[in-house]
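Take a look at the structure below.
Going in written order, the chains are labelled A, B, C and D, and every chain counts its residues from 1.
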Amino acid sequence: MPSALVIETFTSRVLADNPLGDPATRKLPVILPPDYDKSDRRYPVIYGLTGFTGSGPMMLNVTAWQPNLQERIDYLTADGRLPPAIFVLPDCFTRYGGSQYVNSLAIGRYADYVIDEIIPHIDSKYRTIAAPEGRGVFGKSSGGYGAIILGMRRPDVFGALACHSGDMYFEYCYKPDFSKFINAVLKAGGLEKWWAEFEGKVKKERQDIEAINILAMAAAYSPNPDRKPLPIDFPFDLYTGELRPDVWQRWLEHDPVHLVERYAANLKQLRLLFIDCGTRDEFNLHLGARILVQRLKALGIRHEYEEFDDGHMDIPYRYDVSLPKIGRALRAAE
Amino acid sequence: MPSALVIETFTSRVLADNPLGDPATRKLPVILPPDYDKSDRRYPVIYGLTGFTGSGPMMLNVTAWQPNLQERIDYLTADGRLPPAIFVLPDCFTRYGGSQYVNSLAIGRYADYVIDEIIPHIDSKYRTIAAPEGRGVFGKSSGGYGAIILGMRRPDVFGALACHSGDMYFEYCYKPDFSKFINAVLKAGGLEKWWAEFEGKVKKERQDIEAINILAMAAAYSPNPDRKPLPIDFPFDLYTGELRPDVWQRWLEHDPVHLVERYAANLKQLRLLFIDCGTRDEFNLHLGARILVQRLKALGIRHEYEEFDDGHMDIPYRYDVSLPKIGRALRAAE
Amino acid sequence: MPSALVIETFTSRVLADNPLGDPATRKLPVILPPDYDKSDRRYPVIYGLTGFTGSGPMMLNVTAWQPNLQERIDYLTADGRLPPAIFVLPDCFTRYGGSQYVNSLAIGRYADYVIDEIIPHIDSKYRTIAAPEGRGVFGKSSGGYGAIILGMRRPDVFGALACHSGDMYFEYCYKPDFSKFINAVLKAGGLEKWWAEFEGKVKKERQDIEAINILAMAAAYSPNPDRKPLPIDFPFDLYTGELRPDVWQRWLEHDPVHLVERYAANLKQLRLLFIDCGTRDEFNLHLGARILVQRLKALGIRHEYEEFDDGHMDIPYRYDVSLPKIGRALRAAE
Amino acid sequence: MPSALVIETFTSRVLADNPLGDPATRKLPVILPPDYDKSDRRYPVIYGLTGFTGSGPMMLNVTAWQPNLQERIDYLTADGRLPPAIFVLPDCFTRYGGSQYVNSLAIGRYADYVIDEIIPHIDSKYRTIAAPEGRGVFGKSSGGYGAIILGMRRPDVFGALACHSGDMYFEYCYKPDFSKFINAVLKAGGLEKWWAEFEGKVKKERQDIEAINILAMAAAYSPNPDRKPLPIDFPFDLYTGELRPDVWQRWLEHDPVHLVERYAANLKQLRLLFIDCGTRDEFNLHLGARILVQRLKALGIRHEYEEFDDGHMDIPYRYDVSLPKIGRALRAAE
């Protein structure tokens, strides 16, 4: 018996008047376990976070020869690997392509949106285990970043997390693309023109995505409401590319590998801290993951780590590994 | 006011026992115009066909910075460009990645599936204009092929069609990829092993898609139930690649540029024959389109042709051009 | 002891007034065996033909981590694999990038240049075995084409040949690039403008080379002195790309796979007919080679065939295989 | 009248017993101006340095549709743009692909080789203006790096320099490739195996070159004779990629943008300090050049700077700009 999909329309107060004018009312897919309607029990809730340019509803997209997230949950549940759970897929997409699931003066308060609005809403509307031992979070790429960042900061909220190919060690995952952004901006004739061109393009090309990615990260990690034309500090000079150490430092304060020490006590509270990455990750996130894992080990933080032989793209099959682990970690709580 | 999306679950008799064991029961998205429930009028129906590796429901996938088909229909309808119409999105995906919307002994009877089952079903269930003057079809790539093939063969069914970047002049759109298939098969150790590997891969890589594309075309154009291990004749030797003219001839009998003469009378009955293609189409379909258009001109067949500055991928924005044309062509019928 | 390099300056009568105005006076590298000056014996001569965009002197180019042809000859000779021989490296480069070593009304008489001028010159100036049993030819890509074409037509001239990744089965090696030429010409605004742009470019880009390659093949295989602006018939329409079977037929009359039957008696006279190709050849020449080999077998023509795991580019290391074979085949003649 | 090419064979004492066992005896091309033999005047000498994987003799390689360096010098001289000068093309290639023209305990003393051996040899053997006002140096990529590094350190040697697309701002030109090296080494099973594999490969692939590039830079900038299996410190951990700030600092001490302040007085002595770079440089060297130029301006160091619309590869046509400038700067000395 398959799960039931409810696509809610949820209006946020947190996102009202967000700096980018992105919609406060969005679709919020909720996947209920097969027996939800027939039982009166409470279920763990697992939040799924998408990568950059993604949104929760995209996890339900139909793809050739591959299950979407609901189909995956169904077969994992059917064969007993995954204990019944509710899945919630928040939409944190923005005009910049994403939010990194943080609160940013340039983008909006997306951490609060997830933590303070969506979770209470789900807990009030569905029969959930409304405690960290009943709540998990997973995601890939920027979604993996969101999972580990939210998880390490809020052990009172999440009891289990899976970080797939998550953004970390910014030195290697972002810095190599700074020049792409600089080149794009110069070609367009400046930041304002570049942004206008970007928004005007009915079709974003590969180089547009590469450039907006850096802009979005700067908007997430180093917003500056006083800056024009966009309220963003960049960690580099827009003409020479020379690094600006003060802004770069602000970025590093968002880098998971630099945060594990500060949040060690929190991380130790997790029932599951699962990390994986492909050994051919095009954004070098396997290197970031290795550095993170080295630090977790040094701090005595329990975790599971896997590498697999693949790159960064098209790897939802890895959820077959992580979702059962999250499900079992949370079930132990019941 | 937006359209209403109904996702039917439709069970086909035509697809029962199809050679590939693909499901006979599939989702069938139907998009109803905003005023459908409040009126008692009849509406034109426009059928949307996806490209290779696609299926109808994929046209509803969420994509960053781009509307999906329903959102597109909504804004085209809202601003008056597109007269109200029902849209139907058949799923003709197969284990081979597609069907080309033809009847094939190796794949199944997908032309019949659309024409003899889905259309009658829609006409019986919804208030449609159940006549060619109330029926349109559009699609891109293999979907564009499907649109023009079904349209030219069945003017008693469709009164308007839009063929975007449709497969044609097989000489240029398929032949350059024959070697990719041959290389893949040899590398795998033969056709049977290749097919087993393909099916076993949780993630199909680019070269897998390139190879299955040629296999699927052979299955559509030159099936042979007596052949082992797959019921397919290939238009080339699997080791040397040397062309087999007899099989290639069977392919050409499915090539739109070679069919226009035979179906000239049919094509002349169309209210709209719209063709477009990007001038940088990676499958050289702009060349095929030019050849087709030259022949349409020579035969005095009315048509509209546009070229645009883009390649083959990510061009649903072209529906902004074609859907209003189809809608207006069909409206004239009311 | 190393070989001696003589770079002659040779002035051709055959190339005087060639249609492209290419120089009639060119460098002609001659590599003499180590003991040439100390002996009075006669030596076999092996002619080396370069690929498209190449010229004889390029075989002496210095490349990182790889020997050039002279260094290769030296170590092959030093360790006894290669019997002492004279090597000659004709320059058949043209403004179109090459000549295919044929006589063409659009390019010049490059077959005659090699056969009727360079060979007699070498035989008159050096102590050679001036007979087919003392003469070999080898080359790669267009040079492999030249080797097999000259060899099959003139068994009275060459007694041994090695064809590495040679142009053949034009269906697969040229046709897939027709569209690149058509696109380039249309983008430039016509053939005349394209050619002017090409000649004016201080740096030819990849797409320029892809386009000139097709132009050069047409100039070699289907010249037409009456045509304007260039004296060339193309086997396709320059706007639609539609094939022109009559011109294409002229091309096929230059395709080695179609010539073996006609020249079977000649080919049987060869002491060595060596063919090889990489199994990942980007121009599909491994398929052409397989077809050729199949026909050689059917005709009972003795040959040696090897495939190796590589692509089309940067494979001079294959000369380590072929040169000793040629050398030994010719030595047997002494 | 063309120049005369003398290819000397020069045996170095400096390179005897170099750590890599590279040959101490190498070819040294010297290009003498057309009137050299007929005059008794003294000439300026311009030293040309090649990029990574290059060597002096490669500047004489024959290339399709492009002049080699000698032909370029000839037409620049013939039309009066370039005053007569002697050109010398040192070979500083190594098993690691290059030397960066520095003294390194891991590679050899290539700065000394050029400055202390080749230059005195040339001055002793040819009629040169044996003073900085008669000596120039130019190069591209690693050769541009060599030109500016040698020029800024030894104003007593060189009076004019042209740095084309030279390595600088290591943050952007090297760091993005660290992960490629790490991936390659891990895939091979460690540094020792990787190096053995590299040396054993008859054909180096693109990824091999990307990896050896990082190794060579480490060998040049952070050699460590005590390290095994190779006498090199890497600025990153070989498994996690984590930066090692102490080693990275050693690299930065070789970065031109960090050296201009220290060598400002030297740089001010130059008659010509020419810098250029393509605005699409794939190694981001245009950003490095801009940073350098900003610092030159701040320090009041006279220079000429040009950007051009191209990438990093195949840009010898830029010598048409720089060589006349060098020639004129030196001529003023006469």
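As a working rule, a contact is a pair of C-beta atoms (placed from the backbone, for glycine too) under 8 Å apart; a residue touches a chain by one contact, two chains touch by 3 or more.
Just so it is clear, the structure is predicted and the values come from calculations on it, not from any experiment.
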Far-end chain from chain D, centres as C-alpha averages: B
Where chain A and chain B are represented by their mean Cα positions, the distance between them in whole Å: 36
Whole-Å gap separating chain A and chain C, where each centre is the average of the chain's CA atoms: 57
For chain B paired with chain C, centre-to-centre distance based on mean C-alpha positions, whole Å: 45
Chain pairs in mutual contact under the definition given at the outset: A-B, A-D, B-C, C-D
Chain A residues touching chain D - in the complex, by the definition given at the top: 169, 171-172, 175-176, 178-179, 182-183, 186, 239-243, 279-280, 284, 287, 290-291, 294
Of chain B, residues touching chain A in the complex: 53-55, 57-58, 60-66, 93, 97, 202-204, 310, 314-315, 317
